[in-house]
Amino acid sequence: MTVILLTSIAGYGHTMPKDKDPIKIALVLQPISGSRSGPEMSQGPQLMYEGLKKMMADMRIEEAVKEIVKLTPEEEKDYGAWHRVGMANGHLNETVARQSKKGMFPLGLLSNCNSLIGMLAGMQHSGSTRRPLSVGLIWLDAHADFNTPETTLSGMLGGMPVAVAAGKCLYRLRLKGGLEPAIPEKNIIMMCVRDMDPLEEELVLNSHITLISTEEMVKLNRRMKVEFESLCDRVDVVYIHIDLDVLDAPDIPGHTFQVPDGPNPAQLGKALKYMMENPKVGALGVASFPIQEEVRDKSLGSTLEVIKGGLLGLQAR
Amino acid sequence: MTVILLTSIAGYGHTMPKDKDPIKIALVLQPISGSRSGPEMSQGPQLMYEGLKKMMADMRIEEAVKEIVKLTPEEEKDYGAWHRVGMANGHLNETVARQSKKGMFPLGLLSNCNSLIGMLAGMQHSGSTRRPLSVGLIWLDAHADFNTPETTLSGMLGGMPVAVAAGKCLYRLRLKGGLEPAIPEKNIIMMCVRDMDPLEEELVLNSHITLISTEEMVKLNRRMKVEFESLCDRVDVVYIHIDLDVLDAPDIPGHTFQVPDGPNPAQLGKALKYMMENPKVGALGVASFPIQEEVRDKSLGSTLEVIKGGLLGLQAR
Amino acid sequence: MTVILLTSIAGYGHTMPKDKDPIKIALVLQPISGSRSGPEMSQGPQLMYEGLKKMMADMRIEEAVKEIVKLTPEEEKDYGAWHRVGMANGHLNETVARQSKKGMFPLGLLSNCNSLIGMLAGMQHSGSTRRPLSVGLIWLDAHADFNTPETTLSGMLGGMPVAVAAGKCLYRLRLKGGLEPAIPEKNIIMMCVRDMDPLEEELVLNSHITLISTEEMVKLNRRMKVEFESLCDRVDVVYIHIDLDVLDAPDIPGHTFQVPDGPNPAQLGKALKYMMENPKVGALGVASFPIQEEVRDKSLGSTLEVIKGGLLGLQAR
Amino acid sequence: MTVILLTSIAGYGHTMPKDKDPIKIALVLQPISGSRSGPEMSQGPQLMYEGLKKMMADMRIEEAVKEIVKLTPEEEKDYGAWHRVGMANGHLNETVARQSKKGMFPLGLLSNCNSLIGMLAGMQHSGSTRRPLSVGLIWLDAHADFNTPETTLSGMLGGMPVAVAAGKCLYRLRLKGGLEPAIPEKNIIMMCVRDMDPLEEELVLNSHITLISTEEMVKLNRRMKVEFESLCDRVDVVYIHIDLDVLDAPDIPGHTFQVPDGPNPAQLGKALKYMMENPKVGALGVASFPIQEEVRDKSLGSTLEVIKGGLLGLQAR
Amino acid sequence: MTVILLTSIAGYGHTMPKDKDPIKIALVLQPISGSRSGPEMSQGPQLMYEGLKKMMADMRIEEAVKEIVKLTPEEEKDYGAWHRVGMANGHLNETVARQSKKGMFPLGLLSNCNSLIGMLAGMQHSGSTRRPLSVGLIWLDAHADFNTPETTLSGMLGGMPVAVAAGKCLYRLRLKGGLEPAIPEKNIIMMCVRDMDPLEEELVLNSHITLISTEEMVKLNRRMKVEFESLCDRVDVVYIHIDLDVLDAPDIPGHTFQVPDGPNPAQLGKALKYMMENPKVGALGVASFPIQEEVRDKSLGSTLEVIKGGLLGLQAR
Amino acid sequence: MTVILLTSIAGYGHTMPKDKDPIKIALVLQPISGSRSGPEMSQGPQLMYEGLKKMMADMRIEEAVKEIVKLTPEEEKDYGAWHRVGMANGHLNETVARQSKKGMFPLGLLSNCNSLIGMLAGMQHSGSTRRPLSVGLIWLDAHADFNTPETTLSGMLGGMPVAVAAGKCLYRLRLKGGLEPAIPEKNIIMMCVRDMDPLEEELVLNSHITLISTEEMVKLNRRMKVEFESLCDRVDVVYIHIDLDVLDAPDIPGHTFQVPDGPNPAQLGKALKYMMENPKVGALGVASFPIQEEVRDKSLGSTLEVIKGGLLGLQAR
């Protein structure tokens, strides 16, 4: 179950490392959406998985592990969409922590951004002792997802996960996912966020969160690099979270919440490659794949191009 | 547009009052559900309306006014399910207050319990000055609907309206509906509530809310009467809110959240008649009619029997 | 400096106690108003004092002590009306506690209700040890004075003292006056309150404060007595506070905030006599004497009749 | 491992039930004190156990189970006295819930009152489903133990457990013990509490907690019975907690915090017998046995007399 | 109603733009002071207006609109000084938003700093959609006006408007003025503040507010420019607020709260010119004109020199 | 009682100032530990004093004043370890303020870090008016001591003093020590902190506190200097607090909480010298001397070397 890495990939100038073990990738699928307006189980993770599997084969990277997050039969009987998301995050936490402790790199294929809590919790508990690690978050999304119940217009949990992770609201949901302590605002960098509700923006601006614009990220400019490296220096491990709507709207057709003025897949892939080269990055998550059949090829192509950047960064360590 | 009242109705021993004006009823339909898991517009209010219209005709009561709550074209473009519920409550508030000031008795046919805010706000602003009236609430529901975002398992707004009305959470939603000040807990009586989430129960028990059991209400026992009359004495106006799931489960088939051990329609109708006789009661709302076609007749029969009790109480003033 | 008590006063059927020391009365004048809209020093306390002195002489009661609360020269230079009220209350506290420890009964002649904090603090520290006594409050006022800065319409400190005393807001002002702990809501009985702002009413109703209506007090009905005696039983000492606007409007002409439907002076005097007979009552305060010259006689007559009731109660112990 | 019950015990007029299974008692020793000022492990539980074992043998009651709460080897390495108390409560919770589900009656022999959380949590999770039971608390202690970190004079955790259980502070400690939701104040009855810090008293009086005086309890007066029975009626299960300092000071020599004016052992035993007869009472805990050798016999005698009352009540069901 | 701009003004080196429309200035007078210690209507706005009108004529700038904020007859009857300020701000909001949407530049002549809320709210709602704009604030005042009711020494509302605008307190007052969301602290730059109460300073230093010293502003140093330009870049619109006590004490004789070490009018005018050149600046407000007759000329001269700087900046866009 | 300063000390290249008064040092011993797990009075201050006295004599520096903080006889009777720490801090405050006003430099020899509050309060009240000075804090400790009761694992007050000083918790304890306002987070610089609990770290990172690493301090690098000088510029006075566990573990044997990777005494002494040269530094405190006899010489040597650095800095002003 070794991972054979590609020698060279056009556009990134990557060369295979000779003298160290290839990084093993644990693919973790989290299909539980917590949705009440659609099916509770999203097809997105499976669709991304199939494309990714093929790409990894083309890249001659074997998947080390594939794991799908599920509720237990007892939990399945429990009432409440938010509660079920909490329990699903608990399992995601356990899976990610376990794989990470085994030396694998967890790559989360996530129904939506509610899985943030589980991914962060998994990183937090991936250390060698009972003591939680200090975790940094790179948030790549067109939205800040920093609403709280008091600010939300929609009531959608999907607009709140960063606020939850930062301890601003819904602490029971955070604890169900196993995330304690919350992520300090100073350990959160948001990139390419370009659509915030007014009350949400007030919260973000009253926090210690760092905002990096699309332009800064695309240019890999000095501030972007300093903030990123500085975060890596001061935490134990970094988790990179991508909501696919971070991409420029035409590049991710079918996404419910697409927003213009995002990076294109090549730009995002390049930035991701840069960041993933840093060994402090301990996991990557990709969320919210748009499943509409008519635009699926385009979206999948974009998604894979982004992930490829990340994998190349990983190889370049 | 006068209201001709029935002389005598079997089972209630009612006799028509001779020397005062018949009470005029304003039927207010609020079909906006705030739902994301189904159609945003509920058929329930219209279905209740049709049955009620016929029953009122049979009872020789004319409807004085029929009004359907709608968003403005500009509001229609606004984003966010919870926000839209807030705006709908603002219109409901305005409608109820207007009809009430004209001397009519608003009877709300409501998609669900989220309309509580608008009905209460309408009562609050039905006075003759800018000063808000002091409003009491009789809450008839199998559930307390006293969750907050921090306690909810489902994330459903429909489980929170009493907590919102009491100022426990979501104050912006309350203000959009025009309810300010919040309803003091001491002015809330819950009857027949028999299913609370554990964390919700903690909140209810740490409040000043009065709880009357199904048995107490059905018996119209001393405590029930003392609490009800005492509330009427100390507030300006009382609003009675019925979620149809307050009825015993078999009597309201198809309701999503039915719970056993509720009153039957005759019992609830009788209690409602008793309460509606008190002139402090300024409006009645009936919410959450189950629309499944196969059981609709049964549910409608139950619903109308309950409302009839209320109308008879109104006539008996 | 002994106090010679009147043998019998018409209307109260009082007979002089033979075999115990007459209670000594310490008259404490607090003229600092904390006002920014008028003179900082109120004439009210002095005007009441002059009338009272004469009445006490007529009643053959000598005043034991007369003391006027002042700021120190250093404090006099301090900025800020609210801060100055806080410091004045600190002095009032010290004065009342000192006189009370000497065995005198402090009778506060107060510019306005902001002196509540100092009177309560004086009672709290009138015990024989460093441990604060448990204090009960009888609040006689047409208003609840339970606004907080978040609810006030006027911004007037004079509308907030009970909320401050109960620990709801402005804790620094409370601490400057020396009141710690705050007065528990369960130890507060409000009588004759009949004018609350809507948001203030919400606060009062969400509290554990007991409300006794004018009618109940005037009748000295069972509930009034039970609540009063029960309070006396469970605390160490009770302070009775009278804002003269508690009186029916025509009886206290010139008062800025007069409200109809209050007790007349005879009724209030009678109730006060009843309460002052209870030895747990440790001090009395009378606030907000209206100083307009044209109606002063009427107001002073009313005021003295009320206080006389209190003095008779004191004698009847 | 059956329990043979005594036919008749002088002074209580108890007669053995003939036709039902004897109640099986699980003795649960919790020696972890969370103390920093003395040894971390208290001898008190073991000393009580030895006396109780003998008394139960005399009463011909066999102990069904004996279990001693311990930290795991991994937890043993964890830092922090309060944290260790939290983990110990987690184990106590699990033990009590397990024994209770097996149909046994847990009798906690507790180092001190910090074990309250674990006992309550055990009751809460003793139901047949994942849903937490609704728990009532009878608190028998000379002190209210309702301080919070903001009110405490000593900083001792032992002065805070009821406040923690009621959700007023230290929620992480509560969650470590497995208590969620917190116990609503309306479900707490304090008996014989006669020594509160001033700030603690403010908190208690601003709560919905019911206070029953020593005199009321000793007399088993109407209010005591109504409050107790009413609590039993409205919750799923009741836990009775005794801090031995509830006893009159001379009856419990050596207790660090003894207070005069408590009940004597016979009086407390009688009240306990009355309460334990109610089948809603699901567990009993006895805490803070004073271990000084010179007075141990007296204290043990008092302790056993109290517990005997409880056991007789249990038998009388 | 066009505005003819002056070709050249000594000291600023301004040259008239040739090829764009002159900016139209809407003069908005807000005379409602919310004062209880003086007349409720301030003469200041009118006095500034008269001077300004003449200066604008000299500068050959016509006023486009003059509007005076008033309460409606119904509001006029409403009780409460703070409430009245809130309603006045609601009207100011509406006026400023309306003029701004018409393309005019609102210049507020304000009784005092309580008008901050209305000016900010007007900017917030000056966009082309229902969505509130993101607003930045440049605060030029000798004081921070960042007290809350819990920190204030005076109780004066006039010491709190920035705290109110930032959402720290008095949210109902903010909402009456129409400001929602609050202004994020990161969008507030204070310049020349040199007198803060100790508790107020604690609040300011625990916030994200940027402080620029008088010296930095006078020098137009790098940090001042970077902070200002960066704010302009990240918000939709900037409002500049001047309390005239920002000026060095001798330059603004008669001001109640004058403080030494401020800029002189020429220095402030120059800084204002620099800032007003930035097209993101959407409105200017000038508050607290000292009306004492004996020093009025001096104060008016200072005031006009400052405003002239602003107008020149506007012309230089 | 003059202070004769040493001409030159090896390793620091110090030269005696010729033309100004030598700084007078007030030695303030605070032996009250607030401990419940050991003796309430610590020997540490006296042990440090004896060593320091000898070193000062060797350095030909006379002590100007020696003062030992004590409770009054009345306070001695008061209950509660935390309360006693509060009162002790009140006396420390008074002593430090008094000596400082007399022109002396207070050097606190402190049982433990709980004395932080008293030292800061003393600085705060060392100004020439009633107005509290603005105080900056340099915190030199291996730990952040920023726990609150909600985050602490141990419950030890000694892990919370910075959080208390910053107003995060235990405000009554802060007020007993006389510290009001709290120290703004922006005025706190922590140096060499290298061991934080996870929840404590979350609090620190969500604050405005500046963190300087051991490496930065040892190097006296640019960031360290800029942050230190900038703090000195913006406050009235700076207090430097040293917990001796800030030293590398081997250099402070016997300390309960020693942590590796700290500076050695020479390095810390050098940094201290640099900082103490700044005249804004108004007091120095040294806490937590380990009293074990077997390692005392080593620890005392380290301690004195550090303090010597500070004294040399003081001389170099």
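Chains: A, B, C, D, E and F, in written order; residue numbering restarts at 1 for each.
Just so we're on the same page, contacts are C-beta pairs under 8 Å (C-beta built on N, C-alpha and C of every residue); 3 or more make two chains touch, one makes a residue touch a chain.
Predicted, not measured: the structure shown is a model, and the values here were computed from it.
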| item | value |
| --- | --- |
| Interchain contact steps from chain B to chain D (minimum; 1 if touching) | 1 |
| Chain C and chain B - chains in contact with each | D, E |
| Interface sides of chain A and chain E: same vs different residues, half threshold | different |
| Most remote chain, CA-based centroid, reference being chain A | C |
| Chain pair showing more contacts of the two, B-E and A-F | A-F |
| Most widely separated chain from chain E, with each centre as the mean of CA atoms | D |
| Centre distance in Å when chain D and chain E are each reduced to the mean of their C-alpha atoms | 64 |
| Distance between the centres, which are taken as Cα means, of chain B and chain A, whole angstrom | 45 |
| Distance from chain F to chain C - Cα centre to Cα centre, in angstrom | 48 |
| For chain A, residues that touch 2 or more chains besides their own | 78, 199 |
| Interchain contacts (touch definition) - all pairs | A-B, A-D, A-E, A-F, B-C, B-D, B-E, C-D, C-E, C-F, D-F, E-F |
| Of all residues in chain F, those that touch chain C in their complex | 74, 78, 130, 175 |
| Residue ranges of chain F touching chain E (in the complex, touch as defined) | 131-132, 134, 167, 180-182, 184-187, 208 |
| Of all residues in chain A, those that touch chain B in their complex | 36-37, 78-83, 148-157, 169-172, 199 |
| Complex contact set, residues of chain C against chain B | 198-199, 201-202, 204-206 |
